[in-house]
Each structure stands twice: as structure tokens, then as C-alpha cells.
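Worksheet: one structure, shown below.
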Amino acid sequence: MTGGRRLKGAADRVVPPSGFTARLTQFTAAAMAFLAVFALALSLAAGRLAERWSSELARTATVRISAPAGQMEAQTEAVVRVLEATPGVARVRVLSAADEQALLEPWLGPGLSLESLPVPQLVEIIESAEGFDATGLRLRLQAEAPGAVLDDHSRWRQPLVAAAARLRMLGLVSALLIAAATGAMITLAADSALAANREVIRVLRLIGARDSYIIRAFVHRFTLRTLGGALLGTLLGMSAVLLLPGPGGGGFLTGLQPQGAEWFWYLLIPPVSALVAFLATRLAALRALRGIT
Amino acid sequence: MIELTDISYGYDGGELFSRISMEIGPGSFHFLTGPSGAGKTTLLRLCYMDLMPSGGRISVFGREVGAMSRDDIAAARRRIGVVHQDCRFLDHLPVIENIALPLEVAARRPEPENLEALLAWVGLSARAQALPPELSGGERQRAALARAVIMSPEVIIADEPTGNIDWEMSERLLELLIELNRMGRAVLIATHDLNLIRAAKARVSARVLRIRDRRLQAAGAEL
Amino acid sequence: MTGGRRLKGAADRVVPPSGFTARLTQFTAAAMAFLAVFALALSLAAGRLAERWSSELARTATVRISAPAGQMEAQTEAVVRVLEATPGVARVRVLSAADEQALLEPWLGPGLSLESLPVPQLVEIIESAEGFDATGLRLRLQAEAPGAVLDDHSRWRQPLVAAAARLRMLGLVSALLIAAATGAMITLAADSALAANREVIRVLRLIGARDSYIIRAFVHRFTLRTLGGALLGTLLGMSAVLLLPGPGGGGFLTGLQPQGAEWFWYLLIPPVSALVAFLATRLAALRALRGIT
Amino acid sequence: MIELTDISYGYDGGELFSRISMEIGPGSFHFLTGPSGAGKTTLLRLCYMDLMPSGGRISVFGREVGAMSRDDIAAARRRIGVVHQDCRFLDHLPVIENIALPLEVAARRPEPENLEALLAWVGLSARAQALPPELSGGERQRAALARAVIMSPEVIIADEPTGNIDWEMSERLLELLIELNRMGRAVLIATHDLNLIRAAKARVSARVLRIRDRRLQAAGAEL
């Protein structure tokens, strides 16, 4: 046993290994990281879903114009005029006969000639992001083109988009809660470790150790432990998320699996945990030292 | 080097000392006696800045204790070797590392020969790798003394260092302290062991202080 | 100070209050209960959603028969025959002319007479719970009624139902994970408290305390702490769930709020936590005592 | 009441005792001496079943220790009062509750007058509500002795009970032990304080045992 060997990492060794608090800290960090991965996965998947749904819906609506053959053209023009003047309407398209036939084919079968039928004229509306005021539009249409009916048929999907957004919120709130709980637990674990090691701190102070020496020893220990635990928990959580069986047919939640830049968020978990541990332990150590001369 | 002037102190409520003064000069040798509970340990704790007086001034190595920062106190403590009455150690480190701990804390490198000579002197060579809880009562006290002197401190303060040690070993430890004193170190020992005081007085010019009625007296010739 | 007063609750008092471990245990229990409430709420809401969707979809499909006027009746009969012999088909309904007109009204406007049109005949199928084999049915229909086309139009919603089921699973798995993590953390907290109190246990053993006396003191303490923490966490979690703003228009996830018998599951959280703590502490105490004579 | 027959013991590796025998009969008074590290504490721990011998048999109150269950050992310990060398207490309970703890653990109700008389005897009346860490070294030892005798145990085992106590108080504690011995209790004291042994021998017929070379000897007439 040479002095040199003994000196290396000495500041660390003065803190007793304290098996259980160590394991508790590591386990807490790991479990919380694991849960954080899940919450994050849920949140990101919900976010992706919400985006996909909103873009897929493409926010369309239809105006159906039923009028005597003579008035049809005039009313169609009136509708287009009204629509183009409506805020929230991005694009207006008057459907051609061929378009309409394609739409009706599933119902009436192919080979049907629309010429012979009093088929209503359809006008497709692409909403802008803000959307339009359906009630106001209906009133104006009624005034300008009495045969026009606004069919707001895509609106039914909006609750789904809202739900996905809520799901994302829920995931984010959970992730934040988990982070806060982790911080609190690590603070308490550090406090409890420091309380258990009051005697050690006293001895160190009495033989002339500076505060910084003592704090370093504890902070180092706890930060490393938390980092280790969080790394493990993140790895396990990611494995679980990646191994989750994909649903049969490309449905919603296909993708709890992270995509592209999302990896970044997961990689943040261990360093953020370590940072939380660092700050928590430092504060706890400063608090503990205050009572010891 | 340590100077107490008109010190008062008392734990919550009662007053243990009122206006006592004392000076530990370089090369001096003091004994502190008094009945159990008189305040010997308390007085020593004031000397090594573990307690702050409620009245009066203490100066250590020329600096007023009240004006010292926590780091100043840590630095001053490295120049004082203390044997605590209850011999505290880090229970997870072997005896030899505990004894070398003051060096480590001061970022100084222990010299293996010195360490081994010191262990031999206190009779712990065979127990160097034992953990403190595996030591006998007397072995703990000897280890504590070894830790107190390893930094070659300018002042050595020992609180009841021979309470659990047989007479033969006590004399040997006294020998070590006297030798250090001859090398210029100041020594302050609290003890109720009159034999120890008598043995010391035969060999060095030691002053004996006694705490009585909240004051410090020079002990009479009965010793 | 009389002897009598000192004796009351004595077995509890021999364990030091140990502020931080106590707070750690309580906080852990509370945080975990809080998270468990969320996981449970998510899981139950997803379950409800899955149910509602499956029942709303009513699992319908349509067969469209386009045939020359003369063969129409014969092919319709053939289709009905095939369908009635198909496992997984619960009910078959041949749509009347009035039904079909109602279906087409949005597209063609009211006042349209189908008599004059070569409109296909529609046959509605209500699936049973198991559903039918669409591919097999198509082959058989092709053989028996060449003009029949199976339109499996409701299938597109099934991924949604599957997704809701997956969400429920995710919630349940999280709840289980949280329970396991809580158990582990409380075990570790108990272990760490017992390790910190080794000295206390030694003193008690040396003055003649029986193992049962010591175990009782620790177990009692930890169980009560955990119960208190879990109660608090559950209450907070429930408040959060109940206060969650409901979505604007009765959409999906309306109901993270528990309904009816679901309250029962939430009420289980505190006693289950206490039970976990009881068992964890008992085991930890037995383990700790083994090393102490 | 406690009988050691051909006991051997050693912590990992070395052997501290080989084949020693000893009997603590009712009403007997024994001193145990020997240099620091000889194994006094170890021998006492064997007597109160804190350690199990590696060879030989120990019987306590007529029962073989090896055959006793943990609960049997707990029950037997209630009939033995022990003053440990390092005076362990529950640091969160006041001194008076610590002293009454053996009663509490045995589900017996402390009698306040007895408790107070005992506190007065060991000179701790004024410190009854203090917490153990607030006691001086000597006060701790006295509290430990009070706790050891509160159950009126049949055997009293004290390990270095006067290491931190001044001579006057030591004599008083010895007085208490002698009185208990006269009431029929067996007493076994490990100490290196020859004055204490001499004082006791003047008043009761005490046997003095010494550990030397891993054996137990009766001490000679030099005491």
C-alpha cells in the first residue's frame, strides 16, 4: 500500500459505500428514466398522430347546389363569389361532371350517365389553417344562392385531432411530473444519505477537511450513480418501446417508435437526470454542512 | 498559540464556565482535570473551534476565531491534532487509512515509513488493515492518538486518551507525547487519571488546571 | 413523566424519526400513487373508448349488386343465401328503395326518383363479434352472384379500435411498472432505513428485545408512512384527473374522468401500496435482523 | 449461572483464546484484566451471547447457548445487565427513557421512584431529559450502568465501566455494584484500573482473572 495509490480517488472513498442508499438512488433514477421514456414516447407518438390526422383531413368541405337547370350556372357563380370572399377559405373548386361521376360510382355503379339526371352541382372548399365560420357562411349562401347547402362533412374528425393533442399534452405533463418526482426523490435520497453520514462529515470537518472537499465527494458519488441509473433506465425503456409489437395494419400508434430527430429527446434523459442529481446533492450537502462546525 | 480570554460557555440554559482565561503557548504542557461533567471536553472543543464561546474571545494561531471563515477553521485544524474522547473514525476505511486521513484531506502524501513507525509506536502494526469497529477499546484510543499526531501538529489536544488503556501502554503513549513536547509541540491533555499526571510531572514541567465552580484553577501541590 | 405515558406507543418510538428517509418514503409513495392514478385513468379511458368505438361502428358492411333488371331479384336472393350461410354474419338486410333514396339524398338532392335509374341493389350486413372472412365471402359471392361487390366500408375504423386497445394495454403496463417500481423503492427505502438503524437494532437486541418487537416497530412505521403518502398521492392524482378540462365537443378522451365502478380501482391504490410496504419492510427487517445477534 | 467450558474463540484467522473455562456462580464477584487487546471484551461478549464460541460449550442459566433460539437468547439477556465498553444508546430518546428501555422491551412498567433513585445514585438526576449525545463521557458510562441494573438482573457484566470516570464517582459506582452483589447478584467486571480492583478486594471477596497467552489465569497476590 503506497501513499500514491491511496491518494487516488481518495475524496470519493471517504464517503462510505452505503449499499442501500446507493442502490435506491440508482434504482430510482433507472425507474424514473424508464417511465420518462414511456411518457415521452406516448407524447411524441400522439403529436405525430395529431399532425398526420390534421394534414390527412386536409380540412375540406363541400357546397351542394340543387337548382333548376336554368339557374344552376348563376347560383354556382354566386356560391364561388361568396366563398372566395370568405375568410378561412383557401381554395374553391367546382367539380366537373367527371368528378361527380367518380364520386357517385360506388353507389350507382359504373356506366351511369349524369347528363340525364338532375344531379346537384358540387363545389369543394379547401379550408385554410384557421378554418372558416360555418354558420356565417351558411347565412350568406342562403341569401345569395338559395339552392346551396354547405356540407361541413370533415368536421367530425376534428375531435380526433383534438384528442391526439390532448394525449400529447398528457404525455408531456407526465414526463414533467416524472422529472419533478425524480428531482425530489434524488434530493431526499441525498439528504438521507447525508443524514446517515453526518458522523463521517463531522469526522472529516474535525480533521480539517474543507467544505468543498466534502461536497465534492458526495456530489460526485450521487451524480455518477444517478447518471448510471438513468442510462440504464433509458436503455431499458427504449428497448421496451422498440420491441413493442407493431399493430397489424399500419394503424394509429404504429409508431411509439421514435423517428428521426425525436431520438434527441430520449438522449436528453440521462444528462438531465445527472444534472438534477448534481444540483440536488450540492444543495443537500450545503444544507447538511451548515449544521456542522 | 491558543488563547482564551474571559470565556463563558453553557449548553442551552446553564452556564458551564464564566469568564475563564487560559493560554496554550508553544512548547507548553497542560493537564486539565475536574470531576465528570465539569466541562473538560467542552473546554477542549472550544480550543479546537468545535464550539463558539457565548462570551469572551478565543484566538488561535494569532487569529480571532469569530472572524474566521469555515475554510480558515479547516486550515487551522490541520495545525492542531485532536484525540476525541469518543474516538470517531470512518468505519469503512481500514485503520491505517484512517490514521493517514488528515494527510489525505490536506492533499499531502503520507510517507509509508513514518506511518509504519507511528503504528508500531502505538502497538497497532498487526491491526493496520482492520476496520475501526473491529478494534478493542484501547486500540481505538491508540489509533486516535496516532491520527492526532500524524500531521506533526503544532498543538496536540487529547481528551481522556488513556481511559481504556492499561497502565503499561499509557506510559508508552505519555512517552510519545512528552517526546513531541520536547520537539516544541504544545500538549493539552484532559484526564481524570491522577497517576498519569503524576508520571508526567516527574518528567516534564506540566501545568495542571482544574475546572471547579465554573472557573479554572491551578491544581494544588497534592498532585 | 409517568411510566404509563412513556409506555404508550413505545415500540414505535424506539425507531428514530429519521426525517429524510421518512419523507422519502412518503414522497415516493405519493408520487407513485399520483402516477398510478394517471396511468389507470389513461388505461380506463382507452378501454372505454375502444368499447365505444367498436359498438358505434356496429361492424357493418354492404354488398352492392349491379345487374340487368331481369336478373336483379335472382342475384339478390343468391347473395342473401350466401350471406346467411356465412359464419360471422349476424344479420342481413336488403335495402328498400326508400332506404336507398335516403342514402343518396345528400348527393343527388331530394325529390329524385330511383325508379327511372339503374340503381344497384344494396344489401346491408351486420357482422357478429368475430367478424367474417372477407376474402372467402368475396370468392363465394363471385361464384353465386357475379354482379355483387362486397364493400367492406367499415373496416377502416378497426385500426382505431386496435389503437385504443393498445393504449389501454400501455396504461395497464405503466400501472404495473409503477407498482413494481414503488415496491422496489419502498424495499430499498426500508433497507436503507434499517441499515441506518443497525445501531438501534443492535442496542435493542442487546437489551433483550425479541425480533418480533423490532420488526413490529419498523413495519408499523413504514406501512403507515406509505399508506399516508399513497393516500395523498391518490387524492392529488384524482383531483388532477377530475379537474382536467373536458374537451370542447364531447370528443374522444372526454372521459379521463372515472365512471361508476371504475372508482373502485382508484380506491385500491392506497391499500395496495400499504400492503406492498408491509411486505417489503417485513422482509427487509427479517433480512437485517439475520446479521445481528 | 454462566458457565464456559473449554472455550476457543478467534476473529477471522487468529485465535484469541484456546480452551478456557470459567464459571460465574450466583453471588460471585469477578474481575477480568489483561492488556489492551487481550480479549476482555471478547470474553464478555461470549458471556452475554453476542458471540458464539468456535469451540467448547457455554451454558447460560442452565441452558446450552448453541441450542437456544433467538427468542431464548433475548429472554436470557433480560436476566443479564450489561455495561458495554462503548455505551450504546438510542440517541433520539432522552437518558431517562434509555435507562428504562429494558423494562419497556420486556413490556414491564417502570416504577418512577425506582427510576429516580437510580438516577440519583449515578448522579444523573439533572440530566434525565438530556439526549445521550449531550452527555459527557463519564455521564454516558454512568447511564449505561444504570440501564444495566434497572431490571434487577441476576448477573451484571460491566466492560471498563470506569474508564472515563473520576475516582470519586468510580468508588460510588463500585459501591452500587458491591451492594447488588450482597443482594445475591453475580458481578463480572472487565477493567484495567488496578485501583478499582484493590478497592473492591478490600470490601468483598472478589476473584481476579487475567487473560494471558490465550489462557485465563487467576491473578497473583500482587493485587
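First chain written, first letter: the chains are A, B, C and D, and each begins at residue 1.
In this text, a contact is a pair of C-beta atoms (placed from the backbone, for glycine too) under 8 Å apart; a residue touches a chain by one contact, two chains touch by 3 or more.
Predicted, not measured: the structure shown is a model, and the values here were computed from it.
The minimum number of touch steps separating chain B from chain D is 1.
Taking the definition of touch as given, a chain qualifies here only if it contacts chain C and chain D alike; none does. Centroid distances built from C-alpha atoms place B farthest away from chain C. Centre-to-centre separation between chain A and chain B, using Cα means, comes to 63 Å. Centroids built from CA atoms put chain C at 68 Å from chain B. For the pair chain A and chain C, the distance between C-alpha centroids works out to 20 Å. Touching two or more other chains at once is no residue of chain A.
In chain B, no residue reaches two or more other chains under the touch definition. Contact topology of the protein chains: cyclic, one closed ring where each chain has exactly two touching partners. Inter-chain contacts occur between A-B, A-C, B-D, C-D. Residues 11, 33-37, 40-41, 85-86, 123, 127, 134, 136-139, 142, 159-160, 163-169, 192, 194 of chain B touch chain D in their complex. Every residue of chain D that touches chain C in the complex is listed here, in rising order: 48-52, 70-71, 73-78, 82, 84, 88-93, 96-97, 100-102, 104-106, 109-112, 115, 147. On the side of chain C, the complex with chain A involves touching residues 18-21, 23-24, 27-28, 31, 34-35, 38, 42, 64, 66, 103-104, 106-110, 112, 117-120, 151, 158-160, 162-163, 166-167, 170, 174, 177-178, 181, 184-185, 188-189, 191-192, 194-196, 247-253, 256. Interface residues of chain C facing chain D in the complex, by the touch rule stated above, are 1-4, 6-7, 10, 13-14, 16-17, 199-200, 202-211, 213, 293.
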